[in-house]
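For reference, chains read A, B, C and D in written order, and residue numbers begin at 1 within each chain.
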Amino acid sequence: MRALTLLAMGACLIGLPAAAQPTSAGAPDAQVVEDLVAASRVLADLGVVDGFGHVSVRHDKDPNRYLMSRSMAPALVKAEDIVEFDLDSVAVDAKGRAVFLERFIHGEIYKARPDVKAVVHSHSPSVIPFGVSKVRLQPVYHMSSFLGVDVPVFEIRDVAGPASDLLVRNAGLGADLAKVLSDKTVVLMRGHGSVTVGTSIPQVVFRAYYAEMNARLQSEAMRLGEVTYLTAEEAAAAAKTNDGQVMRPWELWKRKAMKPE
Amino acid sequence: MRALTLLAMGACLIGLPAAAQPTSAGAPDAQVVEDLVAASRVLADLGVVDGFGHVSVRHDKDPNRYLMSRSMAPALVKAEDIVEFDLDSVAVDAKGRAVFLERFIHGEIYKARPDVKAVVHSHSPSVIPFGVSKVRLQPVYHMSSFLGVDVPVFEIRDVAGPASDLLVRNAGLGADLAKVLSDKTVVLMRGHGSVTVGTSIPQVVFRAYYAEMNARLQSEAMRLGEVTYLTAEEAAAAAKTNDGQVMRPWELWKRKAMKPE
Amino acid sequence: MRALTLLAMGACLIGLPAAAQPTSAGAPDAQVVEDLVAASRVLADLGVVDGFGHVSVRHDKDPNRYLMSRSMAPALVKAEDIVEFDLDSVAVDAKGRAVFLERFIHGEIYKARPDVKAVVHSHSPSVIPFGVSKVRLQPVYHMSSFLGVDVPVFEIRDVAGPASDLLVRNAGLGADLAKVLSDKTVVLMRGHGSVTVGTSIPQVVFRAYYAEMNARLQSEAMRLGEVTYLTAEEAAAAAKTNDGQVMRPWELWKRKAMKPE
Amino acid sequence: MRALTLLAMGACLIGLPAAAQPTSAGAPDAQVVEDLVAASRVLADLGVVDGFGHVSVRHDKDPNRYLMSRSMAPALVKAEDIVEFDLDSVAVDAKGRAVFLERFIHGEIYKARPDVKAVVHSHSPSVIPFGVSKVRLQPVYHMSSFLGVDVPVFEIRDVAGPASDLLVRNAGLGADLAKVLSDKTVVLMRGHGSVTVGTSIPQVVFRAYYAEMNARLQSEAMRLGEVTYLTAEEAAAAAKTNDGQVMRPWELWKRKAMKPE
């Protein structure tokens, strides 16, 4: 059935002139590819992704293209697994390899948010409970200040009805998700996971990790009683400071993740 | 006393013509054995099993035989430790080595469920609390959608009385457990652990892992307040999608688990 | 000040004829020493002990002697660190090396419980909360059935007053602890840790590990609501069965812990 | 903006004669540097610090100088990364390398507390919830007895207003923090982390680790109901005993952390 859906979708895209096989924006900078590979492995090392989840980066040569691995476990990604996509999430040349069903998360966010340069989708465990409860995820410490005080939740039932498989498996659902994300840094997906966006690979990895940490710490703090969260002003100030610090953990994480086996 | 019980059981089986020393269905496919060995180690790596727990697969040459390691810690299993059993859980030739006391879990489920090709029994930690409480295990996210909305609990006291050692140590108890499992994917065992079934080794490992994850996440979510679980329709749709994705984590897990020491 | 205390204690012991420098019972069996070394490292690997905690075994040649490492982190213990003690916890010949302040836990239990062949003292983390609360530790699954339904708590304030350092630092306190342990397998120590006893090294390690697991799982289960614990009869039956299974995890744990670095 | 702030701060310091480029107290003892490097890595190994957090030691040749790494992830620190600072937290010679924004935590505590020889600042996870709730961190077991019964919380809003980035980024805030720390061993920082002080590197690492452990265990214990904490007298006695034991875990931790990669 999935094959049929993909076929139907492909046919549909082929039907529209703009969605014909996209052309390449050319080879991305080697550093971008290296960082994308590293990000995949770092996210696995940090427990943000397991066999599932994906990270992408906007193409450095063309804002209308993005780069993401073929469909595979993030911990195993190498440079040759990186595929180029247009913003409709059509692969330039996947060389016959399977691509992620949910690549539309990435393409539609890049369309809606020109400021976004990198996107992580994960099922990071501590965040899941916040997506299925009425409790709002809020920053308990400066490390997660990028969350701000208003993390939205995407309820796919609102747009896909009561019997979906919960996946953002087409452009329409991707656009719906991007709308709920709005101008924020993180959007939770009910019964599924979350998406984190950033202006660089190191920053989006930082954010995906500390969103997970915040969820864990907020749960613990709530059990102790009333919690003092960061104010909107504190969150904004701390997020600005942290943006100047993302390379410190990134160097550490990258070094660990890229160690020869 | 256990030795006596086994002797009595052996005598009993020998008394019935059908239970005489079973003949072999022949050598299983090498890939099946390789995957069974890998599954043992993967489940240990993932924390689903520790020194205890076991995984089996139905013989690819004969639906009336199954394969499982001799009695040993799953993390140490090698191809030469695999033993062939008939569905009464009598070993074809154990070569004098001890076999699992609870092999009847596997044999009786293979009898009752022709669709089942692989079985995992574990004491995976986050699932235990759900077996001893009144709270029903339910899918909080799409990864555990295979649980459906009706995970049964096997209360051994109902069939073995108030003073059993909790083990499914004979065919009768195995059949009782299989009855409670019914057509589901997972059955919890009060004060003991759980059993997961599947149509392949990669799928049953996937399910055993995400049953554990779901238990952990559901506990966390419940502490935040009211929880939105997957509906039966969402669970069915997501389970179908996931069945097409089980090789992705399997390749990752297998690769890690089978690394040379 | 500790040096002075030790000196005072030594002087005191020397003052009593029975406590003169004890003679050796001779070299213990090599396997006993090997298992004691392995147990130290296994307990560290399993997170039952950290830099603190200790395991001992009764001497195989003389029930009035026991073996334990000098004062050091369990993960680093080697055969040459093992010291022989009499049941007053006086070292036969410590070769000038420091011995554990709390060795009296071991000596006094060996005196009071002729059935006990091995003792573990730890601060294993999940057990600590049960020692400081009114909730009784009870077996939630068959793996921890050895706990029985009546795990005692040693409140050192009852015997050492309100200003002790909580350590069982002399024979009197050791005897008090042994009295509270009575004929059980585990005794919790309020604000400190716990002691587990067994009839062999593999069994006592098994018990120390699953006491920790039970505490973790019981805490989780209690948060879900009413808990069905093992009955006394189930616990007794399951404990008997498990006693025949302790070598299975032991072989696994030992193999991992003794891997060359 | 951070660059501007640093520039302004530098300019300000240069404006005061006493804050001119400080002179070196000479090379510190090699053991001090080795222990400082080890402490950085040990704290990372123990999960007390991640990509962030720092440890310092007072200079062994001059109480008016302290040593700390340049701004970097603690797990990667080597001897050549150690920088000397005066108590105004001006580097003697950073060789153009970035230094920690929050070095004032260290300098101001060394000024206010002549007894303190080593300082750890971390965001250790279990401690964070206690900093944002009304529940007081209290010792549940002897290992964390150094906490005493009165762990203070620094609310930066009280001194930096409602829109700070929560960092102790200047001498004034450092002095404010030192005032709240007073004569205690640990001070929590609301929405940020904590600071631990000690009379030696092994002791401060011990304290930072067991403060984290206590937070985790206290949270668990509180969920079981009423908790019996150490009395002030017990805490004082146990802390004195533990001070004689800090080398035992230190040797273990150092050995693990300094293993060649």
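Observations, loosely collected:
We take it that a residue touches a chain if its C-beta (ideal position, glycine included) is under 8 Å from a C-beta of that chain, and two chains touch if they have at least 3 such contacts.
Note that this is a predicted model, so its numbers are computed, not measured.
At the interface between chain C and chain D, under half of the residue numbers appear on both sides, which makes the contact a different-residue one. In this assembly, the chain whose C-alpha centre lies farthest from chain B is D. Summary of the copy comparison: rotating chain A onto chain D for the best CA superposition needs 90 degrees, to the nearest 5. Between the CA-based centres of chain A and chain B the separation comes to 34 Å, rounded to the whole angstrom. Shown for chain C are the residues that touch two or more other chains, namely 223.
If you draw each protein chain as a dot and join the dots that touch, you get one closed loop, with every dot joined to exactly two others. Inter-chain contacts, as defined above, occur between A-B, A-D, B-C, C-D. Of all residues in chain D, those touching chain C in their complex are 139-143, 145, 213, 216-217, 220-221, 223-231, 233-234, 236-238, 240-241, 244-245, 248-253, 255, 259. Touching chain C in their complex are the following residues of chain B: 1-2, 50-52, 71-73, 75-76, 101, 123, 125-126, 128-135, 162-167, 190-193, 219, 222-223, 261.
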